[in-house]
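See the structures that follow.
In what follows, chain A forms one complex with chain B and a second complex with chain C.
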Partner chain A sequence: MEKKETLHRRDFLVRSLKVGAAVGVTGFLGWRFHDPEGPPGAQQEEDEVSLPDFSVPGMDRRLAVVRGEDRAATLELALHALGGMSAFVKEGDRVLVKVNAAFASPPILSATTHPALVERLVQLCFKAGAGEVIVTDNPINDPQSCFVLSGIEEAARRAGGRVIYPRSDLFQPTTLPGGRLIRSWPLLYGPFHGVNKLIGVAPVKDHHRSGASMIMKNWYGLLGGRRNVFHQDVHTIITELAMMVKPTLAILDGTTTMMTNGPTGGSLADLKATHTLIAGTDQVSVDAFGATLLDKTVLDLPFIHMAESAGVGTSRYETLNPTHLQVS
Partner chain B sequence: MAIVTVRRISQVFFFLLFVWFSFVSTAGEEWWELRGWPANWFLQLDPLVALVTFLATFTFYAGLLWALLTILLTLVLGRFFCGWVCPFGTLQHFMGYWSGRFETLGHLQQKNRYHPYQVIKYYLLVFLLSMALGVALQKIIQAGLWTALLLYGGIALCLLLLFRETWLGEKKSKAIASVFFLAGASGLLAAFLQGGHRILASSVQTGLLDPIPLMHRSLNLFLFPVLGEPFRRGVVEPRLYEGAWVIGLIFVAVLLLCLKIPRFYCRFICPLGALMGILGKWALYRVGKTRVNCRDCSVCEAHCEGACEPMGAIRQHECVLCMNCLDDCHHGVMGYGTSRSLGGERDAPDISRRGLVLTVAAGVVSIPSMRLSGLLASNRDPHLVRPPGALREEEFLQRCIKCGQCMRICPTNIIHPGDFSHGVESLWTPVLNFRVGTSGCQLNCVACGHICPTAAIRPISLEEKLGEGRFADVGPVRMGMAFVDLGRCLPWTMDLPCIVCQENCPVSPKAIVVHEVFRPIRDPVHRVHSVMENDFIVVTLERLALQPARLATGDYYVRWVGEEARWRIQRNTEREIELVPQARGHISTQEGNEIEILVRLHLPQVDPHRCIGCGVCEHECPVTGKRAIRVTAENESREKRHSMILHGS
Partner chain C sequence: MRRRRGRKETLVSALILVILVVIGGSVYWKQGRYDSRIFTFSAQPEGDVLMEASALHSHETELASFVPAGMMPFSPPEQFHSENLSDKINGKAEFYLSAGFQDLVSQRFASESLPGQWMEVFLYHMGDHRNAFAVYSGQKRSTAQDLDLAPFAYRTDNALFFAKGPHYVEIVASVADPVMQDMMLAFAQNMIGELVREGSSLQELDLLPAKGLLTESVYLISSDAFGFDALDNVLTARYRIRGKTLTAYLSMRDSSEEARSLAVSFEEFLNFFGAQALPQRPEIPHAAVLQVFETYEVIVQEGPVLYGVHDAPGLEEALELAERMHRRLADLEW
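Showing the complex of A and B:
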């Protein structure tokens, strides 16, 4: 009988301890995680990133215009006129090539950067000593369809380049200092890790909303999110993109120009053989010259003037004494 | 090697093969993408797919002939497919095996005892097949009353001759009576339906329960998206599928049920297993007792996968040839051979004739009943946009087995499993959703029609899709048509420049055209203080009235009130507006004049002759919730009566 009493007491003590501990833990958890304020209304901001200046320090503004049909040949000649690829890409550089792969359409329709141009460009980067060449874009159509159908993926791989798809985890927000539109907006930043040279390479295309899609408009493909809202102020967004992206080199392919139905095209009837390749360090002058292939003037394209006013470059390309060459 | 080991190797092999074929079913050119892999091979081996599409269409489409192999082997070997090949069977087998590892023999015998409800699957099979019978019945009835009577009578006579052993017995009169009854009833039925036969219809619904489509669907729409394929090239967003959770829930629930009842689905639900059971009725080879020295220890029933009771009179139609009884029997009694079991056999499932007739009737009338909503007629759902090359809705429903292969292959993730809103029959059939995914239907893609195992989506060529070459007269394949919702469209209603839809339209010439208009902005009129002309024209207003730089976007213009010419604004401060000079028109420099500020807008309009309903515009529209341009099934090529315009005009 006595024994049972003892057991009962011990059992009670043990249970009391357990209950005490449970009460303590519950109370502590309640106190520890109590939030009297409720969540803040504004969303938490992610770490912002910004693109560095990729232009070659101290280099003057250069522009070369080469006539010819063979993109590989015109590219080589243009680069030669600009001082050779080695003036831009040094031993061990990591180069990012921003192509225009916006649409899932074959190369013959010229809605995307031509694979022959991509291949030769990547080859030339490696020839100049590049350690790695990355090819990327955030297309409008399905990315895989775009890179495969445009022939860009195969061309880049053949030349040894690495194609990076715009996976959602590669985007980080960026803000353009002084910008009105690019504020905490997702940027395709992942592929830029370790990159120190940037080459923009795009075709000359008609573009209904902005008038033309060339080098500056092509940076649109670095934006993520519902970027289409920027069409409400398309000239400003192009200007801000040009302010944000300072490339090493801009290569504008006017071998075939999409004169109508842009920027998608879709028919050979939309194209015109213009046999011109423009390369330079000043994207505004490159686009200003490109406009002439579309039978447009600088006045027809407000973003050119706006970018010029913002100090991105000059629309008076003739002041740069461009080298005019012809592939024989 | 023990026969069960061979069986296990076979199961693992076919299971891995199935997963591999499912895995590679994505568009691409790599060896681990779909470039020649026979991704539909299991669906083609599935005799239920072949049979049901045959009943509905009287054809075996392409690779569905493979089903003959399964049928022939089943006729010889029994239900080998269930126990040795079927990937869903293997998964369930594994679950059951897992849960039973440490259980006592007695408990296992309890679990693996035959349950009378196992007959349900035969009724399900008959019901699902009967749903596809409508068109066949229609044809017979259309042939006329007397033809129908003759046909039914002929069939009855054949039956009579086949079972002529009853002719001389006392069942003689019964047989004759039933023949006459059959013929008479058919005649009556035909007469009754003379006017109403048009409502008879066939629909393929076996895919709801057929284990091979079920496995594909569960992997394609649930398992792969949940597990993710981050290593896969080109996958930039995880795949989404509407209502995939239901598909996943069913899959997981069935597998969990197998912990309690081994091969739960195979035993109670699987219509394919039921079909195999009926086919296996005549199998040459069968499991059974080969010797008389059986001690009735019932060990053979402990691990019996089919719950076919091998110790007593074995139920051959339930036996999945797991061969566990051969392995378990310590006395060498159980065997697999050409002779019948010495313990007796039950060849046929316990379906009653009455139940059978009732089930067939229910199946046949179910489809016309489901269509009473008119969803296949005037009350069609305009949001039911099918992939390019999909057949007319009625023909489509006579083929689609809801396997989800098109949904997996679609590079843009726009093909989704349909829900009940498009009709009961459309559950899990492919429906396009342009809000989900990476783009609209890609102009140069025809992947869905080429993977479709039953040609519910025809394998169209690119030439046909684009309406080029010999299809130039027919024009492109239209999935539907885009409509601008004027009340939501930014330029139409809110004076905001946009035209993203027009820009992204992949058709050439574009199917979206724009009308340029100049509309006065809010508070448009201002009084001019002075005008200066240098390189540019600078207009100074009388008052500080403007928001700096707001009009400098290239979309704003100035017009002197009462005049025609418009001048584009290049820059503005609170009081000054800088204009771009132009060749025509001259500036009215008079002070005190009034100017009006206009915004230049492009208003999108869809050209119904060009729009193919690819949905790229809908996908890209910046009004992200309910889009301001949306595709509905109007004008779709597959149904002439959905045509909205006079083509060729």
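Showing the complex of A and C:
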């Protein structure tokens, strides 16, 4: 028969003390490691920002399509057709020009906003009375190389504009109400301080993921962080960007269109002289027309339909009775 | 009565305690060095730092050693891997990644005498020569001028491109200028002898019938050919027959069984999307001929080769092209 073991009082106390010590040490370590504030990401709601609506109150949707080779001339004619730059920029306005400076590539590749267009646009803003014109983007490559080698920096400065590079302290988190992807995501917000007008200006390009890079895709350059994760859902992120950014004016440069191997291109053989500049207040219709320069339709570019469904604008650009002009 | 612990029990207990201490220590060490980018708000990725700090991984990627006289480094070398390739080429990264991209080294070089004239060299390591050819052929410009620099090389007004072994190289100039073209060519010539030679040929290229072939259209699709995820490593080429443009394709598989199985599953894939089988033709034994709405498909398997015609605008032209391919392959023994 097995002998029954008995627990002595002394053993019981010793074991209890050991267990108590173990619990105490564990609790102490837990208390020491506890961070009552949590990781910084969890406390950002108070710091979150959102972009205001930069569109001109009460202005109807306008669209102008101008044919010609000289960007400065087509821009001027397009703005004239839309009512003149003074319809958009008033005395003392602070204007932010969002260019596409994504790559450190030369202007001849048309992978970035052409410096001639930037220069004339900034000049016209000042001519309309702008107090300050800021030119910015958060490029894919190192910002200084991108702004310098693309020629945008020199063009902007020559016209009196101020180029702002995307420093870390210029980003603040933003959330698009109802958005699925833009949630507490870093936004290049610093350059927007005091700004009351926003002009997007971008080239027409083929894009391997989204099919096209035009006005709406160009807002991608306002995002920071590891934004390349959004490439997996590129049409949704473009749609959400279009919902988030309500510009005063959108200027799409199709003077030379990158037909293949976008968005970087690399060869003049990727380009086609399409000699068209599109300007308007409805970014969806501007992009819808831009698609035609790529020999594509709205059906080829889901983000256009998605943005239209989200109420950003209309893809049926002809319903806006666009003004068609030719630079003589 | 107090039970005496055995030696074995003591050892096991000590071992468990040691393991727990090691785990605890590891957790403490790891949490002290955690990657804040994963958990916290990060305004900007740290790619720039990474790029500048990176060291070149082998002699052949020291691009500055290939600079011809009259050019000088204009920027430090940058290196990119699969996690940050999009920091350099944005949306085109997926194209390279799906083709087996390993890494990229790039650097700019400027003319010593001509201000504003510079070029950027991109050296992609694609893993093997097939992958390198895939990205080369997938981007080949239709107005290109072929070069005898390498089996796969061409230039345009402002750029030069070639594939050799597992490497794909782009040299892009800031201007379309004859002097810069000479510089790009000199750079490529300096470089090409140092690049790995193995696997420079593609056997499938010899299987394409020459008649009617649009040579600049040859393209090796690495994956998801024609939207069918099982169809990879497919060589496609366009042909002109009686004014119509047709796409021929062929894929070398590891065995006849694999090729046959793939042919069947590709036919099933097309059937799922509404393809209708048409009567077979005696000129091409065992060919599946399908009509998909207004276009035609031909699927043939011979030995380890799967080939056919895709998305053809005319049935007779599709069959003629398939027959040409059949005749080209007929003499081969598998």
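In this text, the second predicted complex is superposed on the first by the 282 of 328 C-alpha atoms of A that agree within 3 Å, B and C clash if a C-alpha of one lies under 4 Å from a C-alpha of the other, contacts with A are read in each partner's own complex, and residues count from 1 in each chain.
Note that a residue touches a chain if its C-beta (ideal position, glycine included) is under 8 Å from a C-beta of that chain, and two chains touch if they have at least 3 such contacts.
These numbers were taken from a predicted model, which means no experiment stands behind them.
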Side-by-side fit of chain B and chain C on chain A, or clash: clash
First, second, both or neither for A:303, with chain B first and chain C second: first
Which superposed partner A:108 touches (first chain B, second chain C, both, neither): second
Chain B versus chain C as contact partner of A:173, first or second or both or neither: second
First (chain B), second (chain C), both or neither touched by A:269: both
Partner chain(s) touched by A:165 [first = chain B, second = chain C, both, neither]: first
Partner chain(s) touched by A:324 [first = chain B, second = chain C, both, neither]: neither
Touching partner for A:231 - first (chain B), second (chain C), both, neither: both
Which superposed partner A:183 touches (first chain B, second chain C, both, neither): neither
First (chain B), second (chain C), both or neither touched by A:316: neither
Residues of chain A at both interfaces, chain B in one complex, chain C in the other: 103-106, 140-142, 145, 149, 166, 168, 207-209, 226, 228, 231, 234, 260-264, 266-267, 269-270
Contact footprint of chain C on chain A as seen in their complex: 3, 5-6, 11, 33, 39-41, 44, 102-106, 108-109, 138, 140-142, 145, 149, 166, 168-171, 173, 184, 186, 207-210, 213, 224-226, 228, 231, 234, 260-264, 266-270
Chain A contact footprint on chain B (complex, rising order): 27-29, 233-237, 411-412, 437-439, 442-445, 490, 496-500, 502-510, 514, 549, 552-555, 568, 570-571, 580, 602, 616, 620-622, 624
Interface residues, chain A side, partner chain B - complex: 103-106, 140-145, 147-149, 165-168, 180, 207-209, 226, 228-229, 231-236, 260-267, 269-270, 299, 302-303, 305-306, 309
Residue numbers on chain C that touch chain A, as the complex places them: 1-3, 31, 37, 39-45, 48, 51, 75, 86-95, 108, 118, 120, 139, 141-144, 156-159, 161, 170, 172, 174-176
